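Same chain, two partners: chain A is paired with chain B first, then with chain C.
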Partner chain A sequence: MNHTKELISIFSKEIPAKNIVEGCNNEVYAPINEEEFAKAITTLSARDSSLISLFCAESFGKNKGFTLFYAFEKAGSEEIIILQRALKSNHANSIAEQFPSASWYEREIMDGFGVRFDDAFDKRRLFLHERYPDDFHPLLKSFKNEKVKMKSSVKPEDEYQFREVHGEGVYHIPVGPVHAGIIEPGHFRFSVIGETIFNLEVRMFWKHRGIEKLAEGKTPLECVRIAETISGDETVANAVAFSNAVEKISNINVPVRAWHLRTIFLELERIYSHLGDMAGMIIDIAYPVGASPFFILREEMFRQNDALTGSRFMKGIVAPSGLKKDIPEDALGNLSSYLEAFSGRFCEAIKVAHSSSFSVIDRLETTGVVRKDLIKPLHITGPVARASGALTDTRIDHPYGIYGNLGLSRKFLERGDVISRFDLKAAEVLDSVRIIRKMIKEMPKGSVIKAGDIADGYAISVVEAPRGQSVHWLYLKNGVVDRYKVRTASFCNWQAIEHAVLGNIVPDFPLINKSMNLSYAGTDL
Partner chain B sequence: MNAFVQYSVLNVLFAVLVSPLFMSLIKKVKALAQGRKGPSLFQMYYNLWKLLKKEVIYSSNSSWIMRVTPYVNITVMAVAALFVPLILIPQPVYGIGNIILFLYLLSLAKFFMALSGLDAGSAFGGMGSSREMTISALIETITIVVFAALAFALKTTNLHEMFLQILESNMLFLNPVLILISISVFIVLIVETARVPVDNPETHLELTMIHEAMILEQSGKNLALMEWSHAIKQLLFMGILINILFPWGIAVALTQYSIVVSMLAFLVKASVLAVAVGLFESSCAKSRLFHLPSLFTIALFFSVITILIEVFA
Partner chain C sequence: MGANMLKVVSNVFKRKKTEDFKFRDAEFEELGLRLKKEIGSIFGRSLAIRELDSGSDNSTEIELVNLTTPYYDVERFGVSFVASPRHADVIIITGAVTQNMAVAVKKTYDATPAPKLVIAIGDDACNGGIFKDSYAVLGGADKIIPVDAKIPGNPPTPKEILKGLLALMKVIRNRK
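Presenting the complex of A and B:
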């Protein structure tokens, strides 16, 4: 924590903020007034910081109005800096020019709270589509969770305006939100010349569930079930991130055994998620023979999860201050011996995909390149970033639980195409297997839950989910959740696909999309 | 003339009734290659039966094109089935079996299918039609050269006469020229039946579809007719390939015994070919759209070699 103090002293010189306070989880809160805000943003932008989340809270602390929180991280520093900006009205200036990833957050805040970013270059609605009534802002405290009266019709001028690309031979392909397969809804507007993609705009948020509103007023124990449902294959990651926030606020020391088991679950989740992606990439290029070994291993993984926790997606096991139940030693022993055989079979499957048919590699190479210079402005995280040469890995950058003691090494590849993402995920699966087996070997005895009172307060919690960095910010007041903000990796990574597809051909889009493994549900809370 | 009517009824009915079997068989082979159980061999019959009972839904933007296309397709395929003797080579040949007419009959069906893809006004139909037409423009010339090579080798443009010739001169089985042409015909078969590496018949990814995208707006009975005519088309190309490589077993006279033997022989030969197609599909991934011409070039290459051999050797 001395380190944090040092950081505060550096910061108070650079950022014109007074009363910088230390948070509970390696974060510093820098309250900043309107006049000094622009200067602070310029400083942070010059310091090469990356915007990891931007959210709003109503009646936070003494401020009855809106408070905006700008969370930044900087490579090489474990601490997260949060600019805390109390608004005097419902108007604010946009920072999307300096931090392009802010655009979606600002539009989200505009929809949720009615805060206007008057100088933003994009002022369209985000998660509330056209048919939601005007002046409808569901995250306001005055709004009660009830049935919404939708507009019966939308005037043509009120319809969502996509970026238009005109010119000779340019035509538009609207795809979705209803697709030919059983997948989640997303609308893709392609501007195409022949088969070459000239521009793509994604429009998400077709099934808004109101998760952040739903969490308000729930006790932490109830709320962990909500965190689990954010996105199916990030169940454990989100539950752990939420629980970690609660534990930091209340200063609960979770037993080591619980953290060992949580680490096992987190890595199991990464394994089955990556297996699904790898199978999906191969199936999307119509080579099911190469994909089926991955599908088989994934199914076996689900059965291991089920045997271990009683749920194929490992739901209902993680809880604030520990785990809901212990895992018996023989179950862990079975998992360890299964994983021993798993590695060999997995490597065999990789070899089949790589060498049995030249046509596989031909499809994957040079397809859908994510350029390295996009990573920071869009805050791309997870395997997508690491396959493009970025060194980000939340497990190492902001260690949580016992990840700091594992001595993990950073894995990355340079080219950023589909095959890099495939190979990187393969390497991560093998890493995860090693971590799990190490955890099982070193498993300490003891209880898996620590009794402790839950205190009021707020904390940020970041976790490396299979798709990348998941950021949770929790504000507990009077023992219940007052504000719960979640930003999964997909929220940022979706915007990367708009750039990755440029210059590729339309039939390669599904492959690029699969290789980036973006969650619709994780974006549309 | 009576014999011609008998041939027509026999050949067309056989093609119509047997064709779905081989669609399912290829699916089964692919499933087994992936370590899955796969559908029943009669799955396509069940699907067709189900679809035939369902109502047809037309897009409000669609015109008469959408309505006639399924009937044009099934009719064209039934007529085309006259050109390819599957179980009986009638003698004399009654003036049917012209290879060029056969190919352009199939083009007529394809033309209507592409129009119907555009007709409903959906984004994918148009995309499928545009891709199909691009591929057709490339493969059409190659198909003509392939069959020209066959005509050069057998000195006739009539399919019936070609097969009869191969059947009568046992030496031709060992003729390397026919093996070269078979490779080309196999590639044409893969392209015309929209299979991997050209298209993926199993995909749900609308952006990668070619053939499936064109019939995405078809429903109910009309969809059944479209799928059925696709199956017949596949069987006809399989029939051509079988009769070039191994016509033995096919009947040349209409007797009960020879017809039964011929049917069984064809089922066995076609099953072997279907397994080969299934294994071929399982062995490679779908090619990049713009790399397809290199596959077509292989077909062109073997056909041109054949013509050179026939002309100069």
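Presenting the complex of A and C:
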């Protein structure tokens, strides 16, 4: 492997070559000691790498204490580099100055494991809100999953401290967690001058359900159902990412028919998700007539999902080693002929949205710009990144299943405003339709599940969900999950909205939010 | 009167062309009309629902939004989703109740004027579902507020939700 050699040469001073371990899924683990860590981070930062995940495990391998894993990718390289840092205590230094997206991860590790990042600029709790007891760290192995006694009241000084913006004419608008529409809960703290947003801070994790702890001790077959609930509208993406990790660890070759069908489900999920965003953007500018065709097509996609899998969200179909059941040929035939007519109707709906009223374009253009220079530091992925000029697409960057054989082209737009995200999603829907029809046409015969024993081990697995890159890291020990770390695209993309709204007016916030389509459940876990 | 004005006036009075929807499902239509009749007699024509997500995986929210889209369009039957608990007859709660949402759930319930009804939608809201043993959730919605009806499912389909609303009408009638 060339990349491993490259890595060995990069870290020739910091890491002895014999210590570098190739993982199961095109990732490389580079154990690093405390003395060399800071130098390695500087090297990676200078090398233009992106931090794609940062997580902790207790009792990993021979190390009984905490091991921190810093996962990096670099444009043009399929390989993922993971710095593996065994801590001698529960103290570590922060890397958020070099990799700003590290801040949320470090706060998450502090909550989960009690590891302290002493020099971090933000040490507030993240997913454990105020009422959780002090010194409670649910991901410690010593904590058995059980109900905890919450604080009955919170002193004013212990309440969450938002960034304060002061000055003449500045006022604050607190919104949520319960919102006005049929939406998930989150809290937004706007600082506003006149109508213009001067600062926004999002506070998430209201829906924290303890997914990572719940996974511990579960068999892979039980755990895939948990993966599906990470975010309901990313059921397939997360189930495939999880299953792929299990399969890589156990060296199970999933039958090619199962991968064709999985690819169909993944792209169907992208289509219905994008249709919902496009309808939502048009609804949010009060143009229901323009939104209706998208809603109609979306409902029809849900019915196609149901006809194929028995679930409108395609729950319960993907499993480690393949699929739970095969899909009948006539259902695939019906889907193919439905999609033949779909594209024309979809293009007509876009034409209506674009041309029937200038006020549509007026609201969407130049609104909520995500600047290109934020993409790397915040690790923004998915349509939000691609509408701002990034070439990132996990299907191409780290191909999984049969995506490497599809000859996908990279779609991107430059301006990064709401209409760019609308148009980019439109192009992606049409691409997904083409992929699905190709899969149906080339559908191989055969089994959809491969018998094979599940082995112990660990692997990373990355998938392009409708919202962007979803990173799963799984560690199986004694046939059950010992540690399952999930980072969906929304975890990173949420932090981009704090920048995208600046200088926009408050009434445009729902529109910007819809165009970025951020999952609350997928972030809060 | 200018030409433009004439256009506006004729637009108001001329016969409207609407799309002929052939895709509606007969069973759903029948359920909807029954619900409309019930809402008419119990609530005086409209049922105002406040949706409250206490920790769902978001699929139930998607199905609730779907109820308002052209295939279903439940406003025809007198059902509307309102922006504030102050305007609501019914709270629909989705998801297991997380520890982080517990206070907000209670406050939303308290802000809803009596008499009020609560429907738990989805397996997680009904009994905690897959999350019931997690440290991070209290369990089903009835751990924190009184629940009048439960609609299980992962998530229930729009039609099942409508059937659940009809079942709620029966609960109310039996109480009277």
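Quick note on the criterion: the second predicted complex is superposed on the first by the 507 of 525 C-alpha atoms of A that agree within 3 Å, B and C clash if a C-alpha of one lies under 4 Å from a C-alpha of the other, contacts with A are read in each partner's own complex, and residues count from 1 in each chain.
The criterion applied here is as follows: a contact is a pair of C-beta atoms (placed from the backbone, for glycine too) under 8 Å apart; a residue touches a chain by one contact, two chains touch by 3 or more.
This is a predicted model, so every value here is computed, not measured.
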Which of chain B and chain C A:Ser292 touches, first, second, both or neither: both
Broader residue contact with chain A after superposition on the shared chain, chain B or chain C: C
Partner chain in contact with A:Leu214 - chain B first, chain C second, else both or neither: second
Touched partner set for A:Ala180, first chain B, second chain C, both or neither: both
Touching partner for A:Ser359 - first (chain B), second (chain C), both, neither: first
Contacts of A:Phe205 with chain B and chain C, given as first, second, both or neither: second
First, second, both or neither for A:Ile505, with chain B first and chain C second: first
Touching both chain C and chain B, counted on chain A across the two superposed complexes: 180-182, 292, 296
Sites on chain A touched by chain C in the complex: 127, 129, 131-132, 138, 143, 145-148, 150, 177-178, 180-185, 205-210, 213-214, 225-226, 228-233, 235, 276, 279, 292, 295-296, 298-299, 302, 312-313, 315, 519-521, 524
Residues of chain B that touch chain A when the two form their complex: 30, 33-36, 123-124, 127, 131, 196-197, 200, 202-209, 216, 282-291
Contact set on chain C toward chain A in their complex: 23, 51-66, 69-71, 81, 83-85, 95-96, 98-104, 108, 130-131, 133-137, 154-155, 157
Complex contact set, residues of chain A against chain B: 173-175, 179-182, 195, 282, 284-292, 296, 356-357, 359-360, 362-363, 505-510
